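I have a structure here, written as structure tokens, and I will follow up with some questions on it.
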Amino acid sequence: MTASTEVPPTAAGERFEAVLRETVGPLADEVDRTGRFPRDGVRALAGAGVLGLLGAPEHGGPGGSLRQAAGVVERLAGVCGSTAMVVLMHYAATTVIDRHGPGEVRRAIAEGRHLSTLAFSERGSRSHFWAPAGTAVREQDGTVRLDAEKSWITSAGEADSYVWSSRPVAEDGVMTLWLVPADSAGLHVRGDYDGFGLRGNASSPVTGKAVSVPATAMLGADGEGLDTALGLVLPCFLVLSAAFSLGVTEALLDLTASHLRGSRLEHLDRTLAQQPLPRQEFARLRLRADAVRSFLDDTLTALEASRPEARLRVLQVKALAAETAAEVADGAMRLCGGSAFRRDLGVERRFRDALAARVMAPTTEALHDFCGRAALGLPLFEEA
Amino acid sequence: MTASTEVPPTAAGERFEAVLRETVGPLADEVDRTGRFPRDGVRALAGAGVLGLLGAPEHGGPGGSLRQAAGVVERLAGVCGSTAMVVLMHYAATTVIDRHGPGEVRRAIAEGRHLSTLAFSERGSRSHFWAPAGTAVREQDGTVRLDAEKSWITSAGEADSYVWSSRPVAEDGVMTLWLVPADSAGLHVRGDYDGFGLRGNASSPVTGKAVSVPATAMLGADGEGLDTALGLVLPCFLVLSAAFSLGVTEALLDLTASHLRGSRLEHLDRTLAQQPLPRQEFARLRLRADAVRSFLDDTLTALEASRPEARLRVLQVKALAAETAAEVADGAMRLCGGSAFRRDLGVERRFRDALAARVMAPTTEALHDFCGRAALGLPLFEEA
Amino acid sequence: MTASTEVPPTAAGERFEAVLRETVGPLADEVDRTGRFPRDGVRALAGAGVLGLLGAPEHGGPGGSLRQAAGVVERLAGVCGSTAMVVLMHYAATTVIDRHGPGEVRRAIAEGRHLSTLAFSERGSRSHFWAPAGTAVREQDGTVRLDAEKSWITSAGEADSYVWSSRPVAEDGVMTLWLVPADSAGLHVRGDYDGFGLRGNASSPVTGKAVSVPATAMLGADGEGLDTALGLVLPCFLVLSAAFSLGVTEALLDLTASHLRGSRLEHLDRTLAQQPLPRQEFARLRLRADAVRSFLDDTLTALEASRPEARLRVLQVKALAAETAAEVADGAMRLCGGSAFRRDLGVERRFRDALAARVMAPTTEALHDFCGRAALGLPLFEEA
Amino acid sequence: MTASTEVPPTAAGERFEAVLRETVGPLADEVDRTGRFPRDGVRALAGAGVLGLLGAPEHGGPGGSLRQAAGVVERLAGVCGSTAMVVLMHYAATTVIDRHGPGEVRRAIAEGRHLSTLAFSERGSRSHFWAPAGTAVREQDGTVRLDAEKSWITSAGEADSYVWSSRPVAEDGVMTLWLVPADSAGLHVRGDYDGFGLRGNASSPVTGKAVSVPATAMLGADGEGLDTALGLVLPCFLVLSAAFSLGVTEALLDLTASHLRGSRLEHLDRTLAQQPLPRQEFARLRLRADAVRSFLDDTLTALEASRPEARLRVLQVKALAAETAAEVADGAMRLCGGSAFRRDLGVERRFRDALAARVMAPTTEALHDFCGRAALGLPLFEEA
């Protein structure tokens, strides 16, 4: 980890590193093989204060920065992608809860007793999270009934709550957000996730059928969910997603460098690193990764300084980092050759994890469309 | 399957299709999940005459053509990559046996009673199969002692014989070939293959320690193994490898087309196929695949007509097909988005299989080096 | 030139080669420098029977094939891109005239006394040639009045006639075609072309204001122009455009090979060809070009045999060849390094010519859209 | 210009902008067309203090920073690439003169009365500037005789002096540097540069035959020229080269954005910017450029703070910026379609300029080799 991201300092940082070394790391391969949710790792991270990192001081949290959260996610992603994604989604969800949620949940989060996640994507609108089809209806008793077919909810069935999007109850606008307890009646996690990468992140569809929540479960005002999502959740999610991709990228480059330095062509008496072609390709990939780090650093600085281009930078940084991760991962698979096909090298696991980010909403294509619209003076949302 | 490759005609073709439909296809997912060698599929293919396809009529074979073998491998690869690779390696090995091997083995092959494979790559020289470090020593009793650390032998522990490379016994030259029975004392398959793709092809390291074979096990003359490998094995292997890549590519495009046509963005009331971007990218990939098919067809025609550029074409065709498979596979993963991360769509299995060809010896880089040397008037072998 | 295209045989072929050697070649640099139309070259080609190649025997033509025309264009393109493009557009225009035009013009074409060209693209619809805005109005005297702002007409002010598209006079449909004599009143060539590549092809905007033509100038039926364009002009244009790109590509590879073989790093005592990196890259580009040749050959064969996929192949072949030309050209510029920046090497002229094809209508993007629609079961024309 | 680079402040900055607006800009097209050296522009820049920017205060200079020089070069490059390259090479040369040169030349430079340039590359070692073949021989009268065939000297015949590399006179090592007055007897500029891009930068071969310089012309110690080149010249050259590429890139993106926003498809009643495909591609290119800016900014900061990775960053930044410029330029040519082929749009001039940086020594491939060696623990110089 260098300039662009940072882990929490001193004591907290040491505890974090210990959890990585003693729990998350040793379990990573098994999590990947079995596809089991990394409960032990998440619990240990909670115990080390990692889940509460962003919690505000007034609720007992350390008031950690987004830069620190990025440091945590980057570091985790190189060790266990599934665990990193669980923490990432938790951080993204807590941005809303910390602004609009009830005090006791905020306190529980700050103290590491509550794991949350986002429930945005839906079966019908796929990765277009800005167009929920799920509904919220005010019942006669004052409660609200939620119905939706959510897809791809990280930590499905594992988190304590979902930050849930629906159409507005009564107001104009396209979205309203809710804090839905995971044990609400009517919530059904549909099937285990058996996937290509991030195999332990419990990313499953969740159906909500007549889920009843109190009116106070609303996060922010009715109909203003998209503003909250774009202004609060998205910057956090996008920056952390970039940090995730960077972490996987760095892990891949480390493994590749070791392979190139350690593998010999005995009949030529040289290592692979001493061959001009792999060296050239490695440097090209190394440069790609370094460019992502600079860009992520610049994005964080822009956010911290409220620079006007910050809004564009967060959209760009996820696209750049995700595409770079995919490119570096593909290059690492090629450079490590047949060896990368063996699981024990660790390259193929990171390769599989690396491909997730570009297709997670907002996808690279969606981000480019937003950025292209911004750069060319067009409205941000409008289908063509 | 279109112009470029063809399956054996009529009766044989129908039996082949039946085996695909009834045995190979239904077992493919399990083979991939468990990493188990597809014994039932290989046995059924043997029974349908597929293993004996290239067998010469004088030994009871149908005298099938390389074009037909390519058709078989292409078809298989789209259904079960592991089975396809086993058959491919068998065909490549039998080219040598059919020219230089003993009559009874040739008969057994023609009759589908013998599965063979190549044992070329070694730990020390890695993918540079043209530089074996393994030795062959003539013993006082006239037998020959073979020692080597072979790596990445397909069907290791499953085949009946290995076509084995070593340094020459006594003559100049860089290689001598041997037919080594799989039950020879001193052969050890080292560990199960637990890999990224082609998980059922039993591709494991094989150590030969003081393996004793009769002098008659030599395939061709002492020291002339490289000529045999380049003139006989390589064209067959390269063409079939291209057919393999093309088969996986076509399967990926079929799955992707289905996904694009069948997935709707309900809030926009259109399928993904109706979105300009995915359509554009699909067409680009479709064109890549069609270009491989034309090139493979042209390569086969060049071989059949003994056109002078045939030698260059076989080197090129594997590189083109393997790189295209990797590119199409990556594009399919992207186009199918999150859905491709679910195993049941079948995309991720083909994606993993698709990445194998480019790193199998001779790798794309090695092939480009050969072709570059040929095109620029340099000697073919010479390290730089 | 190899299998995929062919020049007219024996006597005709020899005359063609002589014109290339004695006229077109020696003038190519000057044509490029000055941007002057290659009148001497076109006249010499006419004299050698090249302009009349496709002329039907009943009008005194040799009845040459599209494959021969492709051979001519490929060969020309490597020597002088501007001349090649002029001939290409002439061939494309004559496909319509030969089917629907008046006998005397057909005879003049067959005898090399008439140069024609296409006038399809318009200022308003840009490269979407299938959507002309220009009008055709029947006057009281039975003549027809044409108005349009044509853009990018090759041989503007140099050809003897234009094959001109407009909206239909009276019928439904989107297009009607006309044979417009170049000396018609109301035609104005607007300004000299001073461009990046193909600098001598006189590609200028042409305004038609109240151009009067007889009703018999209509080529085919009113409103059926798009069918004619798609069925007759387009296959010819697309195939020849591919041949054009291939010709430029081959010229670039020849120049690059010479550079790599002839340039020495004296302090290392080796040529650039002896460096692994440039050799690798050269082979990659060489393979790209060879894949285009196979594909073009396959496309021509598909057309000759009326294979069902022929329609798709012609759309694909221009895209593949144009993109390959651009890629090879860029690679050649890189491989030839600083030397390519000097005009006398000839690389930069071909590089500039090579980039034209991909943006000529139908552009690569348009072709991919058509092919994607065909492959995904959507209607061919429909804007999104 | 944003965060990463900056122009000299207030008065100086305003004068600079005025020169750009009134002299450099209006002459740019003519410089490109005629290939004439931009004497008026250089003179005006000198007058505005731009040539003396890096001059130390003790010699009357403003002691400008590398970041300011980068700002100047970036700004110039978007307006007139040739002028920018002349200034870039002058700055790179003055780094050595300012450290090791005579006071009066340093004063002349600070006062804008002296234009210098680098004379490193040679015919024999091509872009491998670290391996000069040219010689330096001490004569009996104490003077030194220089002989070399220099290639590609920017401002050849226009500059007042050359910073000249040769083999050492007597010491070990590979290089010694000299300050050679441009009017020295024995210097011959060989031919005018008539090139693809940067057409006005007077980049010609220069032969030195028995050029006599005083022993005091030596810049630094005998045999230590490579250290000086790597430690002093290279960081400046590489950073400014990146700024050059970025300036051209930004100009191309500006022109492309204008084209997309201003061009209408009238039959669809929308601009090109409203088409999903061009918008997507534009955003992708825009992101590439922004990543370069962040990386350049980070590189400058690393240099300013003497961060340990600064040495690697300067090698990387030129590679990243040059490759990005080439990629963006190619994309701009495609996005602007046929229009980009017309000179008056200004795209094709920047496109031609943009391709220069990647092949200027050290080329992208050389930089990747250095970076790969550094990252993989190998010695920096060693040929393979």
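For this structure, a couple of remarks:
Chains here go by letter, A, B, C and D, matching the order in which they are written, and residues are numbered from 1 within each.
To be clear about the criterion, a residue touches a chain if its C-beta (ideal position, glycine included) is under 8 Å from a C-beta of that chain, and two chains touch if they have at least 3 such contacts.
Listed by chain with UniProt protein names: A, B, C, D = Acyl-CoA dehydrogenase family protein.
Because the structure is a prediction, the values reported are computed rather than measured.
More C-beta pairs in contact connect the chains of B-C than those of the other pair, out of B-D and B-C. Interface repeat of A-D: among A-C, B-C or C-D, over half of the contact pairs recur, by residue number, only in B-C.
Distance between chain centres (mean CA atoms), chain B to chain C: 41 Å. Distance from the chain B centre to the chain D centre is 50 Å, each centre being the mean of its Cα atoms. Within chain B, the positions touching two or more other chains are listed as 275-277, 280, 365, 384.
Chain contact summary for the complex, chain D toward chain A: residues 2-3, 257, 260-261, 273-276, 279-280, 282-284, 286-287, 290-292, 294-295, 297-298, 309, 313, 316, 319-320, 365, 367-373, 375-378, 384. Contact residues of chain B toward chain D in the complex are 275-277, 280, 384.
Of all the residues in chain A, the ones that touch chain B in their complex are 124-128, 131, 133, 151-152, 193-198, 263-268, 276-277, 326, 330, 333-334, 337-338, 340-344, 348, 351, 355-356, 358-360, 363, 365, 383-384.
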